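Below: a set of structures, written as structure tokens.
Okay, so chain A shows up in both of these, paired with chain B first and chain C after.
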Partner chain A sequence: MLAEELPAVEPVDVDWSHVERLLPRRTVPTPTDKAAYPSGWTPQRGNPSLPYSVRRSVNHMLPVYLRIMEDGVKRLTVVRNVRGDIWKLHDELKRHLEETNSRYIASRVNEVSLYVQFKGEYVQQVKDWLRERGL
Partner chain B sequence: MASRAGQEKALRLLRHLPRVALNNIDHPNPKPASRRKRGAHGGDTHGAGDKGSKARQHFARAGFEGGQTPFYIRIPREDPYKGHHLRREYPPVSLHQLQLMVDTDRVDAGRQIDLTQICNSGLFRLEPLRRQFGFQLTDEGMDEFVTPVNLEVQWASERVIAAVERAGGTITTAFYDMASLQAMVDPERFFKRGVPIPRRALPPQDAVGYYTDPSTRGYLADPEQVARHRLTLAQKYGYELPKVKEGPLTERKDPRQIFFGLEPGWLVNLTDKQVWRVKDPVMSEYFRS
Partner chain C sequence: MANRLILRRHHNCGNMTTKMHLLLRSASFLQQNLRQPGSPKCLLRATQMVRLCSTQAGKVHDTAPALPVAAAESDAPALLRPLTETVAPSAAAVRQVWVENMDSADERKLGLLELHPEVFAAFPKLHLIHDNVRWQRMYRQVDYAATKTRAEVRGGGRKPHPQKGGGRARAGSIRSPLWKGGGVSHGPRGPKTHFYMLSHSARVGGLCATLSVKLAQNDLHVVRDLELPSADPGLLQELVERRYWGPSVLFVDDTDEMPENLVRAADQVPHYNLLPVYGLNVFTMLKHDTLVLTVAAVERVQERLLRALSIHNSMAVKHTDASLLR
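After this line comes the complex of A and B, so read on.
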């Protein structure tokens, strides 16, 4: 299209904040302190009395995941990024889960990759237990 | 650089060379249809080699299974799948996820939360080219939803509408056509294309009923009717309908508008932070209608 054929244009005086509002953030925001979090999410408060901690994900979520394998038959609860005394966390958490569920729970600790695995679906229970401890 | 003598020599050559034709230039040449080989050297086995089934048999039509009912006839037509490749899809966003986004500041609860804001959070992705026409709000976590928000989604059930209004917020269901969706899903990428903001089209025939219905909070419905339905819904579910103040919680887009504060037909230049519009009255009238 030739320059002469293009339509004539004029500038518009517009509040640029309307455009900026449409542009996404480049980084994940740090959540601000609020009185209550209705969704159940809690920020990481830290617990110096404990010899262990878990590092939150990039999105500030607890690193507790459900791994579903073998076409839905095998379910594993994984707690990743465990820092400090991983065996201590494993022992305490396992005791808590076994008491809550009244059954033996097979578990596994990986000291190199810093994760703890429990056989079964206990994601919510693990998260609640971690949140109680401020982790 | 060619010298004057070289140029003249080239021109002299041209006068004697043949005219440019299909037989002396490089051009795509489709293969001729294969034919049976004939003659002394093409005869005998005629390109079929020696013996074997390929030399003896005339092959049956594709899909033939020796008389057994072929696969393409055996499998019946499934009426529920008719036109499935053309149906609109609405990926779900639950109220729990929404509350979590508000709690962790992934989305601004002070302004309207629409398709663009949900996509900009980085947690949800919409692919219009896969027939995804927007988000639907699901009822998971509706009991814990307490934040007053101004929501604009593409589909919501009655319970979800009740949960949002009980919390003191407002919800609207709006339709966006394909061109508008492309702009809304990634506004930055859209502005960089240098295309004016599109004028939103009206919903297709099968969606008009939904988006003009006040009970589903359609964006084309009568606002008075919508207010009446808010009251009746509160009575039905047994909650006190909170008063919603005029402000960010009640801001609405025009049915032809896709971005707040920006009109269709405007061109946004991100680099120079400038917005342009067409002077031509016919074009501006079209965009403003």
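After this line comes the complex of A and C, so read on.
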């Protein structure tokens, strides 16, 4: 077909927003600001008075995880990506957990990989403690 | 390393004017570079700072306030206000580095550049650095060792002697692994690739850790640009030696088209190498004693790594395993 025989084209304004909102995002967006979130999630406020902090995950979540080993027998609560004075965080958190649970809790600090481990299942208590401090 | 630190002198900054000049691409950075009391300023454009899940670096007396989530954008410090960051890095956490000149062997400090702590002050996670170096070595490794099994060794189809009556051990084939010249039962089998992909977060973390290590050990220098006055390799060597930059130097620019004089001079010297930002990797950074980045390269590296830190592993670009391609 010769160039002269091609049909004329005209730009059409299409609203692609309904398609764009379905496309996956490459990066995790900032959560919208609200007074309270139904899930109980709290954003990180930061606490300059504390000598330590934890880095939240890519999805803005607290880096507290439960490791289940030995076919469910061994349960470890891990707090990862601790910055600043890791021993201070360990001491204060351990004291809080032992008072709350009225028992001795074995724990471990890894300064090279920046995590703190507690023997037992205390994920929710640790998260609440961190949230109280705005971390 | 200690010797190098002791010998390093602070050259007199007689040429530096009181007002800090930075001849960058866009002149708007000049005004923004002046430090106002109490608020951290950064040369990076606000639009280029992407989301980062960062916290304070653990200093007790931090004066910079934490930012609430996307609420008080107008209250945020002007240039450290990121796109999607929850809490901005505190003033104490931000790292500063001199911007030096390359237009003469004499060292002059042209200004200060502020660096984001997530990229340049990350904790030096040695396991990530090791993982990256190992991955860079192993993913291209091919083992060509191969042995033949008893089926592949020439011959050995016939039973060498009857089952009974000879006084000898029973045998079905002269190429059994028990026999001399026989096949290998559990040997290496043909070319084997050691290709694997390290996770996105490990690769990004390794880059940040290595950059932080280089900066912390005084092996990272920032220059305004890489324009040399002449293509004389002696001049470049004199420049490097006078500033006590290591025996091997890696010059990093943001594009792969480098100034001609530098290309010609560095070509003569095998331990001065040039690299664009997209080629930056942990192995090369550790192999060279000193890294010299341009301001544009620092900007680009920071922008890319900050963006990469906010990509979840599941959304990272997938590199197909080599075996699946067949």
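FYI, the second predicted complex is superposed on the first by the 120 of 135 C-alpha atoms of A that agree within 3 Å, B and C clash if a C-alpha of one lies under 4 Å from a C-alpha of the other, contacts with A are read in each partner's own complex, and residues count from 1 in each chain.
The rule is simple: a residue touches a chain if its C-beta (ideal position, glycine included) is under 8 Å from a C-beta of that chain, and two chains touch if they have at least 3 such contacts.
All values derive from a computational prediction rather than experimental measurement.
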Contacts of A:Val12 with chain B and chain C, given as first, second, both or neither: first
Which of chain B and chain C A:Ser49 touches, first, second, both or neither: second
Which of chain B and chain C A:Tyr37 touches, first, second, both or neither: first
Touched partner set for A:Pro24, first chain B, second chain C, both or neither: both
Partner chain in contact with A:Val58 - chain B first, chain C second, else both or neither: second
Residues of chain A contacting chain B in one complex and chain C in the other: 24-25, 28-32, 59-60
Chain A residues within the chain C interface of the complex: 24-33, 43-49, 51-60, 83-85, 112-114, 134-135
Touching residues on chain A, where the partner in the complex is chain B: 7-12, 14-19, 21-25, 28-32, 34, 37-41, 59-60
Residues on chain B engaged by chain A in the complex (per definition of touch): 96, 99-100, 102-106, 111, 116, 119-123, 141, 144-147, 187-188, 191, 259-262, 266-268, 270, 273-280, 283
Parts of chain C lying in touch with chain A, wherever the complex brings them together: 50-51, 53-71, 83-87, 90, 123, 125-127, 201, 307, 309-312, 315
